[in-house]
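What follows is a set of structures to go through.
The same subunit A turns up in both complexes below, where it pairs with subunit B and then with subunit C.
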Partner chain A sequence: MLSKAVVTELVSICGRERVLTEPEDLIGYSFDATAALPRRRPEAVVLPVSTEEVVQVVKLAGRRRIPIYPRGSGTNLSGGTIPLEGGIVLVTTMMNSILEVDAENLTATVQPGVIVQTLNDAVASYGLIYPPDPGTVATATMGGTVAECSGGLRGLKYGVTKHYVMGLEVVLADGNVLRAGGKTVKNVTGYDLVKLFTGSEGTLGIITGITVKLIPAPEHRRTMMAVFDDLDRAAKTISEIISHKVIPATLEILDRVTIQAVEEHARIGLPTEAEAILLIEVDGIREVVEKEAAVVLEVCRRQGAASIRAAETDAERDELWAARRAALPALAQLKPTMVLEDATVPRSKIPEMIRGLNDIASKYRLKIGTFGHAGDGNLHPTILTDVSDEEEMARVERAVDEIFTLALQLGGTLSGEHGIGMAKAKYLEQEFGPAGVEVMARIKHALDPLGLLNPGKIFPPAQGKILSQGEAGVKEQTPAAREGLG
Partner chain B sequence: MKLRDLAVVRAEIDKCMKCGNCQSVCPIYFETKKELGVARGKLTLAQAALEGELPVTPAFAERLSLCLTCNACVANCPSGVRFDRILLAARAAAVKACGLPPVKKVIFAGLSHPIVFRAGLRSGRLLQPLIFKRHPRKRANYPRFPLGLDRRRIVPPLAVRTLREELAEVNPPSDPVLNRVPNQVSNQAGQAANLTPDRAASRPARPRMRVAFFTGCMINYIYTETGRAVVNVLNRNGIEVVLPSEQHCCGIPVFVSGDMGTARAMAASNVRIFAGAQIDAIITACATCGEAWRHHYPELLEGAEEAEQARELGKKHYDISEFLVDVIGITREPGLAGAISSMGSTGTVGSTGTVGPTTGKVTYHDPCHLNRGLGINRAPREILRAIPGVEFREMANPGRCCGGSGSFSLSYYDLSMDIAAHKVADIQKTGAETVVTGCPACRMQIEDALNRHQMPQRVLHTVELLEMAFEPLHDESRGIQEPRTSAFHRFLLR
Partner chain C sequence: MLSKAVVTELVSICGRERVLTEPEDLIGYSFDATAALPRRRPEAVVLPVSTEEVVQVVKLAGRRRIPIYPRGSGTNLSGGTIPLEGGIVLVTTMMNSILEVDAENLTATVQPGVIVQTLNDAVASYGLIYPPDPGTVATATMGGTVAECSGGLRGLKYGVTKHYVMGLEVVLADGNVLRAGGKTVKNVTGYDLVKLFTGSEGTLGIITGITVKLIPAPEHRRTMMAVFDDLDRAAKTISEIISHKVIPATLEILDRVTIQAVEEHARIGLPTEAEAILLIEVDGIREVVEKEAAVVLEVCRRQGAASIRAAETDAERDELWAARRAALPALAQLKPTMVLEDATVPRSKIPEMIRGLNDIASKYRLKIGTFGHAGDGNLHPTILTDVSDEEEMARVERAVDEIFTLALQLGGTLSGEHGIGMAKAKYLEQEFGPAGVEVMARIKHALDPLGLLNPGKIFPPAQGKILSQGEAGVKEQTPAAREGLG
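Showing the complex of A and B:
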């Protein structure tokens, strides 16, 4: 529990309504969308409405050595918002104003709590879009997606969040406010601090303002679905489409386990004996789109797709998308616990990756469904299990280890879009090597010497300890010890 | 009892993958932006209680009261989590652990004893002019002094005669209700012409169907004109309408608060009362009452003596709009054909000499419990589109909750009005002069919200607008007219 004095100060900063300390309210911030993590209640939750309030809260936390956990909508999949050490969860959902839409410079400036879809709705009337679209567009905040550098279903053609963030306002651990970047397309003044904070998962500072790039909305699109009886052919199709100089906005894959789960869950008439389904969408200028769609269909045919469908209407498009949308919830229904990974490999290694995943599944006697953004190599191997089954969870852990080793062997990465958080921290060194981790640790130390910003995330716990002990005289404080501090 | 079975709720809770999708549709979360506003947060609170992490306390109950039971989360949950069931189970647990809050205790004791309830509302009616000051423009009252109601709130007056006092228990089609309504003789010249005894006599004497009308409290005590419209429209279609006089509150307000014992007793009593009647269908015009008959009674009474009867009656239940469209068959071409021909008319009704004498721009609000609860959203629109002269304009997000939700608006009036403000804005954008909806509770909320925003639109039940098509209180220059209110209503408002 925080002392009365701290709570009183928080209330004097944010007002009674926006400081939560009752256990019933704190429960709501003890988890996020990550499966199989125990709940951890914070000691207080604050919901600031302005940068100034954030500054005040951060300064107070610094004085009292209280950890702060930034949180948007709490939809991340890597345990990024779990308040491991109690402390204060700082929620940005009430900082939700769109400050400006600049149609001339094709930018928008928002507060961090704006929901991604809300921004898209607001710029639609200018004929513009903000392309990064994680599966959670309708819920995730701009701050959360920038902090995670979220990807989404259009990553192949349009890139991910970091390709759109042009400027940031960040409240640093000492309470100073940093402004980096701006509206200019070109900017090489100094280090690229915007990129540094993008994807920093709340460990380097609290993002309080974001300027993003917008692009003209594509005028036309075509959606297609191809079913394959052979995984290799599906994989070949992916690389063939791209080698024919077509870059689809969306190029998604569902494997057999996923197809069967979706069919069982949603009954939409998918061929359950198929090995893979590809969902492909091309968009852009009408004439170009029609040409590209013809190329895609031709490639699918030549690769021997068992069946091919192209949507003629919006309703048909929705039908084709239904399978992809249902993938995650359908898999979630099969077993009590779902461990969702996002190991990513170069596109050309997709067949090897999927086969490797199948081998791992049989080796450890696990059910693994794989779906995801095949076009950019970002797969979501999803292990279906039950946390209460200790023996199986041990196998799951070993399988996850192997999945990451496999991805790295194939020249890939631990996480394509979900972030490291606490879930993948222990694998960090495997990818970065000691030198890489050391560089990151120094950056972290320089910006957050007391280790108060989202402690326990990205860096493995041991690393985190070293960090906080590095600062003379400041040890990790237990909540009780903290009370003694000024 | 199934709903209280911990294991069932636990399975439901376990289905939740904490994805947060419910945030994108929850009207409470839109306003509060706090995790305990949305299904995921309340569900996790219930989970924590089940797992013994937290005791069930009044604070727990209070968090669970922060829900409109609009079921938008249920409809949008990718994992199919029945949050409604979890909420009820958790509320029931709270009632068991800490009892009902004192105010609800008194109200529910009243609701569950029809005689007390009726007497209570009656005395309310007599005191009404003292307590409320009349709103200058609308048929509605502002509270004069706080009665636990918010002072800014306008509340429709209680009818001086309840619907069931006003109408006979049996209303055969040859005896249209309109003939007996006190204010029938309107000041609009020529308007009585369509209801001459001649015409009445020309209607089929033998009813083609016999239905029971479950009025519910709001229609019986407040919006009696809706009830008259139901009986009238059905009569005009050759259907006999019975209003079993013993019927009482559906009990859903008690049910959603978690007082399962009382709710079950009320369900059983209503089922016994209606099981006796020889009827083809049970009709409701209130979305919540409809849900009671179709879903909640059969579930609540599972294993009880009345279980079989409850299931049978549930199958016979129709919302009035659904009954008119799907059973009677109101069709668009040629304007109201089904309904009109069944009254033996050739489509020359009223002083204008044409069918469908209502005009004006109309928009429709989907009550949560009708739309998501009973899956009824097509029928009311078909009715509106079938009325010639009505220009139907769909509003944005017609299915978004208006924020009323029974006692929620009493406990959280400001929040409730913040939620309603979005509805008001959506209504305004349509340019409609009349808002139609299918539930008296939504009507009350929308009337109140429109008033607060100083908006001129009037709110009607679907069946009232339809009744006007039969029974034109029509004046070209003014569009759709106010529905008939009782003479006493008018007296009260003078």
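Showing the complex of A and C:
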């Protein structure tokens, strides 16, 4: 429990209404969208409305040695916002102004609490878009998506959050305010602090201002769906499309388990014996789109797709997207708990990865549905389980270990877009080796010597303090996890 | 002087032929392509051929507390490779293998000594390109351009080096080898160390392996030139092209001083009374290129360009490019010394910046020719002077101070693409404030606690050790500076 004096100070900084200390108010901040992780109630929640208030809270936390957990909407999928050591959860959702849309320089500057979709709505009237599109665009904040470096369905063509963050204002652990980057396309002054803080998961500073790059909205798009009886042919189709120099905006895959789950759930007429479905969308100037769509269709035919559909209208497009949209909710219905991973491999390794996932599923007698962003190798193997079944959860944990080992063996990475948080901290050294983890730990220590910013995240847990998925605690799947698809 | 024992150890690591200690061999490593900076001879130069040799040299340097200066071809324009404290210059040019071109995943993996153009030649047969194109592509190494985060003429549409570096192998100050990133488009595992080392100018580690992203080569391009009697109309043209959602691959500007210099030097028929010339190239799929070219020409007409030319053939394209290519050599002929800056502003501020540069030129009675990458706001104000004229050099230094102050006032940055090195270190705090410089210094100290990696670069010089452009030393312009255009 925080002392009365600390609470009084928090109230003097933020005002009575924006400091929460009642148990019933705190409980909503004890978890995020990640399944099967321990919960922990914070000691207080503050909702600052200005950078200056953030500075004052951080300084107070420093003086009193209280851990501080920055949080946006809590939609992340790696346990990144869970207040492991209690302390203060600092919620940025009330800092939600779009400060500027600069159409001439193709930038927008926002406070961290702005919802991603709200920004996109605001720039639409200029004919511009902010491309990063995590599944949670309608609820996730800009601050959260920058802290997590969120991905989404358009990564192959448009990149992810870090490719759009141009400038940041960050409150550092000592309460100093850093401003780095800005509106210039080119900037090589000093170290790239903008990129260092992007994706640092709140462990190095608290983001209080963001300048992002915008791009012209594509004027036209074309959506296609191809069904394959053979996984290799689906995979071959993916690489052949790209080797024809067509870079689709979206290139998604659904495997057989996912197809069957979707069909059972939504009855949209998917062929349940198919091995894979590809959903492909090309966008841009009309002439290019038509040309690229023709290439995609020709490649699908040549690779022997069992069936191919191309949407002619918006309604038909919605139909094709329905299968992909239903993937996560459909899988979620099969079992009480869903462990959603985001192991990522080089695009060419997708067939090997999917076959490996099937082997792991057999070996541990688990149901794993795999779908995801095939174009950029970012798959979402989704283990369907029940958190109350301890014996099965032990198998799940071993399966997850093997999934990460496989992804790394194939030249991949632990996380394509969900971040490390608590959920994957114990695997970090497997990817980076001791030298890499030490470099990161030194940076963390240099910028947060007291270790008060989001402690317990990213870094492998200290001995005697193992925070694995198998640990005690309430581990139900949260409703947000069912929606929170990257 | 290094002790005999150290030299013996270096020879035992790299072999006799790849350790240089004779004064005549060392002199070529006492400067780089930057004008008007002090020179300093290293005590030894080593040319390792493997990561393991780099590790051994770095460990030796650590044990003996010898500063170590990584260097590629030495084409940089901020004094980044000058061995300020003597020590060892570690040249990576003999680590020059292209290890892999992975056409399926659109990546290439190279050793640091590979020349940028050599990589592009190697990937051309796959129909791919590596887009970053500093003016020195034919001589600069991949390692050097990654360490400097080089820019070039295609930044607006294609971005700069950091947008293409996906994975790095780095020898750290303690001799450990870090491997970060890889071939996956998405990767959010831990801090973005790839981006941290990219552009860190050899102060955090020595890059020994690089995986870069490749993109399909544009199939078609269209080059246009427009002459303006009015600077504002030229600037308006730039923003209007972009507001029409046309993002040219190249959008260059030449100001009146540069136009006159080019015409005097090359006699290619430029209108010497013009205020600005824009060189605009759009590329991509033929249909798009023709459509975009039509937009560009229409905007130029509407903004009242005095004359407009569009190349119909490769020969005509070369003619249009001739003026831009001649800019730097032409300016270089006017005076013995050329101080080439790369202050960068948001695109919309270009007219203000150019007018400000003209005011600064008048105030300090200097000739400043300005040209550069107008599309991304990255201008090259080029002060024409004579390093042997002390009184004029004092005015040059004050003018440079004002140029940076102006760029920062306009929301810009000290360096768009040349880096900080020695040349701009004293301005760093003006952009980042004390908090920003401290964050960088902490990172530097965390990763290089003995301060042996490229000391004296990026950070403001310590008291009593001012390394300004006005300081003593041989300050002639090097031949490379005349070519070394970003």
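Here is the rule we go by: the second predicted complex is superposed on the first by the 462 of 486 C-alpha atoms of A that agree within 3 Å, B and C clash if a C-alpha of one lies under 4 Å from a C-alpha of the other, contacts with A are read in each partner's own complex, and residues count from 1 in each chain.
In this text, a residue touches a chain if its C-beta (ideal position, glycine included) is under 8 Å from a C-beta of that chain, and two chains touch if they have at least 3 such contacts.
Every value quoted in this text rests on a predicted model; they were computed, and no experiment measured them.
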Query = Touch check for A:K186: first (subunit B), second (subunit C), both, or neither?
reply = second
Ask   = Who does A:A103 touch here: subunit B (first), subunit C (second), both, or neither?
value = second
Query = Touching A:E431, do we find subunit B (first), subunit C (second), both, or neither?
reply = second
Remark   = subunit A contact check, subunit B vs subunit C, more residues touched by chain C
Inquiry  = Quick check for you: in the superposed arrangement, does A:V339 touch first (subunit B), second (subunit C), both or neither?
reply    = neither
Message = Contacts for A:C149 in the overlay, against subunit B (first) and subunit C (second): which applies, first, second, both or neither?
response = second
Task = Could you tell me if A:I206 is touching subunit B, subunit C, both of them or neither one (first, second, both, neither)?
result = neither
Ask   = Taking the complex as given, what residues does subunit C use to touch subunit A?
value = 102-107, 127, 148-149, 151, 155-156, 159-160, 162-163, 172, 176-180, 182-193, 195-196, 198-200, 204, 216, 219, 239, 242-243, 245, 247, 284-285, 287-288, 291, 344-348, 373, 376-378, 411-420, 424, 428, 431-440, 442-443, 445-447, 458
Ask   = If you look only at subunit A, which of its residues touch subunit B in the complex?
value = 20, 22-25, 27-35, 39, 47, 73-75, 91, 93-94, 96, 113, 115, 117, 136, 138-139, 325-326, 328-329, 332-333, 336, 338
Query = Any idea which subunit B residues touch subunit A in the complex?
reply = 14-15, 17-21, 23-24, 33-36, 41, 44-45, 48, 53-54, 57, 59-60, 62-63, 78-80
